[in-house]
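Questions regarding the structure given below will be posed in turn.
Chains here go by letter, A, B, C and D, matching the order in which they are written, and residues are numbered from 1 within each.
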Amino acid sequence: MSDGSGRFSRWAGGAERGDAARLEAFSDGVLAIAITLLILDVHVEPEHGQSLAAALLASWPQIGAYAASFLQIGIMWANHHTLFRTIARVDQLLLLSNLFLLIFVSFLPLPTRLVAEHHLNDADGRTAMLLYGGTLTACALAFNLIWRHAARRDLLVPGISAAFRRDVGRRYLLGLAVYLVSTLLSQIHPWITLALTAVIAVFFLLGPSPRQAVEIPAD
Amino acid sequence: MSDGSGRFSRWAGGAERGDAARLEAFSDGVLAIAITLLILDVHVEPEHGQSLAAALLASWPQIGAYAASFLQIGIMWANHHTLFRTIARVDQLLLLSNLFLLIFVSFLPLPTRLVAEHHLNDADGRTAMLLYGGTLTACALAFNLIWRHAARRDLLVPGISAAFRRDVGRRYLLGLAVYLVSTLLSQIHPWITLALTAVIAVFFLLGPSPRQAVEIPAD
Amino acid sequence: MSDGSGRFSRWAGGAERGDAARLEAFSDGVLAIAITLLILDVHVEPEHGQSLAAALLASWPQIGAYAASFLQIGIMWANHHTLFRTIARVDQLLLLSNLFLLIFVSFLPLPTRLVAEHHLNDADGRTAMLLYGGTLTACALAFNLIWRHAARRDLLVPGISAAFRRDVGRRYLLGLAVYLVSTLLSQIHPWITLALTAVIAVFFLLGPSPRQAVEIPAD
Amino acid sequence: MSDGSGRFSRWAGGAERGDAARLEAFSDGVLAIAITLLILDVHVEPEHGQSLAAALLASWPQIGAYAASFLQIGIMWANHHTLFRTIARVDQLLLLSNLFLLIFVSFLPLPTRLVAEHHLNDADGRTAMLLYGGTLTACALAFNLIWRHAARRDLLVPGISAAFRRDVGRRYLLGLAVYLVSTLLSQIHPWITLALTAVIAVFFLLGPSPRQAVEIPAD
C-alpha cells in the first residue's frame, strides 16, 4: 500500500500481500461455513415408541461422522492459515488452486452424510467411504498444488530457508500419499479409512515443519 | 484514517478506502456463503434396491450443476476482488449496484437446483436454463453498472490509465453480451448455455485487462 | 493499540475503536448469512402436469418476499456500516443492543417464509405480515437504542456536530414510527405493510443525515 | 509484522498477535453462522383448520429455544472477544482448545432443536435438556482450557496483573461449575436447566473481571 506501483504490479502478473489477505478472508469464510453446516445433516428422530436417549445412541454414526469431518476441516483451516503466512503474493494460478481446494472442502458435507447414512459393513459403506476419502485426497492434492506453485513461482515471503521448503514439500507429499492409501483401503474395510484419515489430520496439527521458516540470525 | 475530515467526508457524498473495505468484507461473506450453500441442494438417495454407486452415477447432473455454479461464483469473487482494488471510494449508488450484484449471486442456488432437477432435453430444461443464464446475465450487468458508475463518478484510485479503463469497459460489455447470448441460446439447446457460460467464466479468470492499471514510471 | 493502558481501558468500562471493529465483523457475518439463507426458503416444485414456467410464475410471492427481505437486510447492513463509523468505543450495553438487533435480523427469514406461504388476503396473511412488520419494527427500535446509548454515553468519535446528532436522532425515530405504523396497517391490508416498509428502507439508503458528521474547518 | 524473525517465530513454537487475528476471524465466522442457522430449525406450520396465529402461539417452545441459544452463543462471542484481547500469541494447543470450543458451539443447534421438539415434562425432555446443558458445559470447559493454557504458557499480553488473572480463573471455574450443576439438575426438572443457564450467560455479559487487566500507572 506504500506506493502506486506496488498496488498494481499484480495486474502485470505480480501481486502483493494485500491479495493474500482477501484470499484468506474468503477461504476462512468458506471453511467456517462448511464446518458449521455439518450439523444440519445430523438428524435425531426417535422412531415410534423409542425413547430420545435410545435414538441418540442409535445416531452415533451421524455424530461420529460430524466430529470426524469437523476435525478434518478444522485442521485444514489451521494448515491453510500456517501455509499462507509463508505466501507473499498471489497470482491467477494460485487463486485457481485455492478455489480447487475450496470446492472439495465445501463438497465434504455430502460424503460425510453418505458415510453417516450407510452401514459401513456392506458395499454401499465402501462406496461412501471411497467418496469421503477421495474428497480428502483431493484436498491434500490442492494443498500440494498451492505449495508447489507458490514455491516454484517465487510467491513466498523472502528468506525462507531451503531446509524449510524441503520439509514442507516432503510432508505435503507424504500427506497426499497417506490420504490416497487410506482411500484405497476403504475397499478392504471402511473403518481403516476413517481411522487413518483422522490420524493423518492430527499429525498435520503439528504444522508443516518443525523448523523455522526463516533462519533468525544470532544478534 | 489520517485525519478527522477525511474520516467523515463520506457523509458529504465522498468516501474513502475504508468504506470499500467493509463493502468487500460483506460481499466476501455473501459470496462465501452462497458458494458453500450449493452443496445443500445435492441429494444422493438410492432408490429401493439401487446401490449407492449407481445412485451417485445417477446424480451426476446435480454434482455437475454444483461444480458449474461453484466455478461461476468463485470466479465472480476473484473478479470482485480485482475490480475493487481499483476503487478508492464508495457512494450510495455504488453500494446499491453492489447489492444488485449480491441479490443475484445469492439467488443462484435456486436456478442451479432447477437445472439439476430437470431433464435438459425438454421444455422444463429450457426454462430452468433460461433462469440460470438470466441470473448470470444479471450478475454481468451488475459488474458493468459498478464499473461504469465508479469510472464516471471518479471513484477510482488515482492514476489509472485510459487504456486500462477502455480495456475493462470493453471486456465487461463483451462478457455481458456473451452471457446474454448464452442465455437466449438455452431455447435452442440448454447444454449450449451451460458450456458457453463456463467458457466465459474461465475467460474472466484471466482478469479484466492484460495491462497494468497504473503506468509504472521508469525510474 | 499504541499503549498498554489504552488497550485495557475497556476493562474499566471504557473501550476503543478496536472493539467496534470486531463487533462490526461479527455483525457483518450475521447479516451476510441471514441475507444469503433467504433463498433456502424459496421452493419451486411443479405440481403434477404443471410446466416449470407455470410453477415459477406461481411462486412469485416467494420470490417477491425473498427480494423484499434481501432489500431490508441489505439496507440495514448499509446503515449499520454508516452508524458504526461514528462510534469510537463499545461498552457492554452497546454490545447488548447490537445483539438485540442481530437476533431480529436473523429471525427475519421465518416471517419472510410465512408471508410467502400464506395468501395475503385472509386472516393468516394479516398475521404473517404483522410478524414481518413487527420484526422490522424491532430492528428499527434496536437502531434507536444503539444510537441513543452511544450518543448519551459519549461513545462517539470526537467532534460530531450537534446538528448531525439531531438529524440522526430524528430520522431514526421517524423510521421507527413509520415501521410501527406500517406494521399496524397490516391489519387493514397486508400489502400496505410490504409497500411502506420497502419505501422506508429505500429512504434509509440515503443515509442517516445529509450533513457532515464533523464540521470540516476551512483551512 | 515489524521484522522477519517475529513473523516466523511461530514456527518454532512461538507466535504473535497476527495469529490471534485470524483465529478470531475464523471463530467469529463459526459463531456468526451457528447463531444464524438456529432459525432454520424453527418451523411454523398450521395444522389443518388451525389459524396461523394459533400455530405461532403453539410454536413458542421452538421460538423460546431459538432465543435462549441465540443468547448463549451471542454472549459466548462477547466473551471470546474479550478473552482474546488478553492473548498475544497462539500455539498449537491453544488452537486445538479453540477448535474444541467451536465444535460444541456449532453442535448447539442440534440439542436446541431437540429441546424445542420434546415436551419438557417427560423422560425425553430430560434427555434433550441433558444434552443441551452438556453442550454448554463443554463450551464452558473449553473456555477454561483456553484461559488456563494461555495463562500457564505465558501467551498473554504483557503486564496483566495477578489480581486480574485470579479473577478470570475463578469466574471461569465458577461458570463451569454452574453449567455443570444446571445440566445435572435437568434430571430433576428441565426448566431449571434452561433458567439457570440463561442466568449464568447474562452474568458473563458483565465480563470476566471488574478489574483492569493492566494496572494503568498514575502519571
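Worth pointing out:
The working rule: a contact is a pair of C-beta atoms (placed from the backbone, for glycine too) under 8 Å apart; a residue touches a chain by one contact, two chains touch by 3 or more.
Computed from a predicted model, the values in this text were never measured in an experiment.
Think of each touching pair as a link: the shortest run of links from chain B to chain D has 2 of them.
Interface chain C/chain D: under half of the residue numbers present appear on both copies, so the contact uses mostly different residues.
Look at the CA centroids: the one farthest from the centroid of chain B belongs to D. Between the Cα centres of chain A and chain D there is a gap of 25 Å.
The distance from the centre of chain A to the centre of chain C, each centre being the mean of the chain's C-alpha atoms, comes to 36 Å. Along chain A, residues 25, 29, 33, 37, 40 each make contact with two or more other chains.
Looking at the complex, you find that chain B touches chain A at residues 24-25, 28-29, 31-33, 35-40, 42, 44, 46, 51-53, 56, 66-67, 70-71, 74-75, 77-78, 81, 85, 157-159, 164, 205-207, 209, 211-214, 216-217.
Contact residues of chain B toward chain C in the complex are 4-5, 7-12, 18-19, 22-23, 25-26, 29-30, 33-34, 37, 40, 92, 95-96, 99, 102-103, 106-107, 109-110, 114, 118, 123-124, 127-128, 131.
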